[in-house]
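Here the chain labels run A, B, C and D in written order, and each chain numbers its own residues starting at 1.
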Amino acid sequence: MPSELLPREELDRILAAEAPFSAHYGFVVEDYSAGTARVRLPYDDRHIRPGGTISGPSMFALADFAMYIAVMGAIGPQALAVTTNMSIDFLRKPADADLIAEVQLLKLGKRLAVGRIDIRAEGDRDLCAHVTGTYSIPPR
Amino acid sequence: MPSELLPREELDRILAAEAPFSAHYGFVVEDYSAGTARVRLPYDDRHIRPGGTISGPSMFALADFAMYIAVMGAIGPQALAVTTNMSIDFLRKPADADLIAEVQLLKLGKRLAVGRIDIRAEGDRDLCAHVTGTYSIPPR
Amino acid sequence: MPSELLPREELDRILAAEAPFSAHYGFVVEDYSAGTARVRLPYDDRHIRPGGTISGPSMFALADFAMYIAVMGAIGPQALAVTTNMSIDFLRKPADADLIAEVQLLKLGKRLAVGRIDIRAEGDRDLCAHVTGTYSIPPR
Amino acid sequence: MPSELLPREELDRILAAEAPFSAHYGFVVEDYSAGTARVRLPYDDRHIRPGGTISGPSMFALADFAMYIAVMGAIGPQALAVTTNMSIDFLRKPADADLIAEVQLLKLGKRLAVGRIDIRAEGDRDLCAHVTGTYSIPPR
């Protein structure tokens, strides 16, 4: 359920205008609310490493983008939040499938938002990566 | 439900013999299995910072100890696993109450175990700290 | 060379009043400036794990305290900076000797200070732990 | 000075065969040895975010690749080391210039290599990002 602060049409407009890299990766925002997000990275040759695995930088980009959506869902689109830290544990090689990132904000303060992002290959129970991210929220 | 690899009496014997610092902190292992643990840090003047908050090092010690229990529950007591990384996000000042750490192993490989540890003041829903830990598992 | 913002007598007065845990650990502030600090943790039975190694929580406490000194050296004592993240890589077992932490602030913004802390056993070249820390700086 | 374990021609051959993403980013390996590396990311529209800044995922890719070179310089090309953790602190917006990553391995064990990677815009003294990375080294 999209958050009241950020209706779906508004989100789509922002992403088209300000996040063209989102189209480069093919990210699909499947769901979001004030503090959560679920984003899909379609399996595609562009993100594949030798050996067939989706690359670390693509997982990083997915986690960062999903966190950005969850923060925007919580504070609205006016603010330009920026990533201050991302820490990724790569746990296992993902299956050859789309990747799904699920974000949960653990803290939404006046100045910092902290979230964790679980990344799985679609259909898998086990995580292929576990990410913790911090965003700095600008004064309003 | 204690893990088959590590019955409760065995755990208590190991902690008494090899982890006297556990007694210093007063840690109480409330539950554990092959890959999970719940450990309590009683509220006590020894762990309090000026201002009444349980100190960062005490939360670190709690997270590290709880992770150690979850790893032992999963691989048994014979192996001497050691911490290689701990990353802590301090999210909010805990209430003046016991702290509870809950561990979930995200990966148990031949060489590395990775887990996340949620720390809450008893009775709170929100986390006061979110921890990610990695243990190196010795060859068996 | 102590920073102009924080003369040595002022630092000592603050630590005596507000950081009694510093005395518990026996920390010695050997040097500091606006953005650096060198702090010693004397080798002492209280910090020793079974096997003779200085414990992880003691290294955490040392890193956190040293970072606090470097931040105070840079912004002065009036502000109550708080730790928001600490990430520690434990690299090797330290020798049975005092530990020395050396901090270098990498960023001192209006809202966040980020630093890295190298921990060595005295006399060793190699690090026994590498720490990255973030402090939130209150509005002034 | 390239390491004896990994002569320059050998490195170039490996990168051409196994790391085509390196060409995608345009990475230039400027220097490396057994445990260090300096790698350049040319400023290019492909890596630019709205606002003109090189994107976080590009910095991640640069750090990860530079770490990979430093590890290969230290253990030779036969082994397929994999990233297990990367933690990035984004410190300031880089200037509109090439980015330079400098790696120093802090630990090279039998099973894990840990390094830190400083990222700067060319010509700047201050870091724009500070990265800590861990690689798992396969049994030999």
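The criterion applied here is as follows: a contact is a pair of C-beta atoms (placed from the backbone, for glycine too) under 8 Å apart; a residue touches a chain by one contact, two chains touch by 3 or more.
In this text, all values refer to a predicted model and were calculated from it rather than measured experimentally.
Scan B-C, C-D or A-C for the interface that duplicates A-D, counting it as a duplicate when over half of the contact pairs agree by residue number.
Duplicate interface of A-D: B-C.
Report the chain whose mean Cα position is at the greatest distance from that of subunit A.
C
Between A-B and B-D, which chain pair is linked by the larger number of C-beta contacts?
Most contacts of the two pairs: A-B.
Based only on mean CA positions, could you tell me how far subunit B sits from subunit D in angstrom?
34
Take the average of all CA coordinates in subunit A, do the same for subunit B, and state the distance between these two points in whole angstrom.
Centre separation, subunit A to subunit B: 29 Å.
Would you please write down the residue numbers of subunit D that are in contact with two or more other chains?
Within subunit D, the residues that touch at least two other chains are 84-85, 87, 89, 134.
Which residues of subunit A touch subunit D in their complex?
The touching residues are 18-21, 49-50, 55-58, 60-61, 64, 82-90.
Which positions of subunit A touch subunit B when the two form their complex?
87, 89, 91-92, 106-107, 114, 116, 126-127, 130, 132, 134
For the complex, give me every residue of subunit A touching subunit C.
84-85, 87, 111-112, 134, 136
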